[in-house]
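When the chains are written out, they are named A, B and C in that same order, and each has its own residue count from 1.
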Amino acid sequence: MKTKILLAILAVVMVGLIAVPWIASYFYIFIFTEILILGLFAASFNLVFGYTGMLSFGHAAFFGIGSYAMALVLIHLEWPFLVSLLASMGAAALLALVIGFFCVRLNEVYFAMLTLAFGMMVFAIAYQWRSVTNGSDGLAGFSLGSFGFGLDLTLGNPAVYYHVVLTIVAIASAVLYVICRSSFGMILRAIRQNPERVSFAGLNVRTYRLVAFVIAGAFAGLAGGLIAPFLRVASPELLHWSMSAEPILMAILGGTGYFLGPFAGAAVFVLLETWITSFTESWMLVLGIILALMVIFFRKGLLGTILDWWMEVKK
Amino acid sequence: MIHPILTISNLTKRFGGNTAVSGINLDVLPKETIAIIGPNGAGKTTFYNMVSGRMQPSEGNIVLDGKDITGLPPHKISRLGVSRSFQINNIFPEMTVQENVEVVLSAFHGHGRKLFNIASRNTGIQQEAVVLLKRLGIDSLKSQRAEVISYGDKRLLEIAMVLATQPKLVLLDEPTAGMTPDETRRTTRLVKSLAESGDYTFLITEHDMDVVFGLADRILVMHRGEKLFAGTPEEVKNHPEVRRAYLGEEDDDVIEETSA
Amino acid sequence: MSGIVSALLNSLDIGLLLFIIAVGLNIVFGVLNIINFAHGALYMLGAYLAFTLINIVGMPFWAALLLAPLGVVILAVLIDRFLLRFIYSRDIADSLLLTFALLLIINESVRMIWGSGIQVVQPPQLLAGSMEILGSSVPTYSLFVIVMGLLLLAGLWYLFNRTRIGRIMRAAALDRDMAEVLCINTRLVVTGVFAFGAWLAAVGGVVAAPMRALDPGMGDKIIIESFIVVVIGGLGSFPGALLGAIVLGLIHGFGGRYLPEVNMLLPFLGMALVLLFKPHGIMGKGANA
């Protein structure tokens, strides 16, 4: 019964999302493109945080490198869009493997600080390696060529790009969802609750953490690959640790215990940002206050709080 | 001649200047149940921690079934067939009782590497989990969240998880600690039936002497990290030094050993 | 030769300043089991309060050095009483998240109050100018920072080795069970330790103000540097904080001079190397995951 209602809601949301370009202005097409990409970014982060219990403050490294990979491939190799996206995922997965190798061995405090420091290392490289990354200005001026698969799509058209993003994010989310519900995903949840018990069941907890970290990195890279053509630039800000903070905020906002939590969080985040920045510049202040309140009083996030409330009402 | 399944020689653990376990030798034969007794601080948990890989021994060797496992990490020792429970409940609190067992079963069967199956449709694992829960008599609780079941049931759940890896050697650390007399009786009966089934080899630490004498084939008495005596329950009951050192006097509740 | 001397002195002033700040972070972590993400923001507040007291109110530098940290201490007490008390008993991730929220709030407040631009605080007359040491010209203020760092180092050494409360704090920082045995988690001690950590951050901020331009991003930079320091030295270890700070100071002092193309990268490389061989820092005793 509950599953059916949820499925129905999901179907309605999906139909609504598909219809956006026909019912909303360009402005909202941009807003929803951003929500989808950041939602995927936040969902990939939540595999590490909500499922495996590792609080990473460097997730933007994978998002950023995905966007840089996209820009570099488009500028120098002019590969089709879909192939470029795979390059984004691959670059991010490789980076996650290297950073994760150092980080997953350590407990949560060290993990948080280390991911932050490594994230900033990647930022420093992008900032200082001017010959490749164009320094603080970032890489711009790349143009989208073909889509791939022989499909003739005008990716430069925001409405078309929105539908492409929607399709890719939907597929990626489905894959992530299956991973979360798989035996592997169950082990990850077990690791979050009690890593010692898992190792006494015969599993190398570090290996599982590392695999989760790499998968999350790859999907963050995919999101990064989608954001570069949307912003038309790959800049160091995408790698900065304030960018790492966004998926954390979105996941907490929506609810870390639910697969769709980060997506809901991303939607609220972007819409709130749009609304609040329309009358004050102090968006970060509002965000800080919201985060503090969520952490102290609504640790289950919006989705969790609503679901709890719904269960209460049903009783 | 039966080969021992576990051979421990000269096992020693020092923390700074203190010796928690000193020169313990022990052979465990297949399918027997050995109880390790001794007052708090005797070194029982430290001994377990070394056998299960949670701590590195300072000296000595641990050989399981002909293979040296000294100082291996816990997951490798578990893979080789040693499974343990803990003095404090060590479960996955936010999962259901059945899922708790399924996690261990998935780990044991190598399903943890499956990224694209749906865990909740894995009927083989589910059936196996239910069989185990039945064996422990807690299958009626299978869909409850593990954190809400009673303390005694949590301890039984942990035993189910310990058995799920089909271990060659089972280490139970005070399985009845904190249980009500009723739960203690139920658990003793249960462990006894598991031991008598001939499927398992048990090492058990326990404070409750009725439980110990009811279960053990042999008893190792530890005192201040050293082996005081080892023998059958009868021999232990009649050993004067053991009576004086342990059975005669009540526990003088020194600092709990778990902090070590 | 003169290049090496000035690089060395430069390393020392950066290192000792970092020590003052990182040791505060380490005390709060060690005793309260809280990673204060807003520690850098408190450092920044110290610097900006000093700016207001000196440039707007017209106080002498020395008065600001006394008063600005007190202002930050008051804020820290409020933070402890009204926010952190909700999460002391929770998972450490929650303290990271809450102090992160604080960081956002303080950063944005500083931007609103003092603006996004760069502000400059002049060193006091006594410490302006430079001195000749071994053939190289060294800013007098650098020497002051070094002296100040050494004084605080001596003071902390006395506190941790010669006073009862200090020894308890040090023991508690290395062994959490000990902290519980000694019952130091009483409200007053918790508030006191958090405020003391904040005081150290703010003193660092005031001392840094005349040698670094103030901008609302300065707290973010210093918190990352502090993290590197404690990772290199070892979480919860006070000698480790000193060692980590000096190592990072040397990396900055020499890296900035001799390897300017990669100077941003060097601290992270140093950290990765330490982690590879000593995962819990050179002097850390943290437990593995």
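Heads up, the rule we're going with is that a residue touches a chain if its C-beta (ideal position, glycine included) is under 8 Å from a C-beta of that chain, and two chains touch if they have at least 3 such contacts.
All values reported here derive from a predicted model rather than from experimental measurement.
Visitor: Greatest Cα-centroid separation from chain C: which chain?
Guide: Checked the centroid distances; the maximum from chain C is B.
Visitor: What chain lies closest to the overall centre, CA atoms only?
Guide: That would be chain A.
Visitor: For chain A versus chain B, what separation do you get between their C-alpha means, in angstrom?
Guide: Comparing mean C-alpha positions, chain B is 43 Å from chain A.
Visitor: If you average the CA atoms of chain A and of chain C, how far apart do the two points sit, in angstrom?
Guide: 32
Visitor: Report the inter-centroid distance (CA atoms only) between chain B and chain C in whole Å.
Guide: Going by mean C-alpha positions, chain B sits 47 Å from chain C.
Visitor: List, in ascending order, every residue of chain A touching at least 2 other chains.
Guide: Where chain A meets two or more other chains at a single residue, that happens at 205.
Visitor: Can you check the complex and tell me which residues of chain C touch chain A?
Guide: 29, 35, 83, 86-87, 92-94, 96-98, 100-105, 107-109, 111-112, 220, 224, 227-228, 230-231, 235, 261-262, 264-265, 268-269, 271-272, 275-276, 279-280, 286-289
Visitor: Sort out for me which residues of chain A touch chain C in the complex.
Guide: Its residues touching chain C are 53, 55, 102, 105-114, 116-118, 120-121, 124-125, 127-128, 195, 205-206, 241-242, 245, 248, 252, 282, 284-285, 287-289, 291-292, 295-296, 299.
Visitor: Over in the complex, which chain B residues touch chain A? Could you list them?
Guide: 52, 73-75, 78-79, 83-84, 90-95, 99, 102-104, 106-108, 111-120, 122, 125, 161, 164-165
Visitor: Per the contact definition, I'd like the list of chain A residues that touch chain B in the complex.
Guide: Those in contact with chain B are residues 178-179, 181-187, 189-190, 193-194, 196-205, 208, 215.
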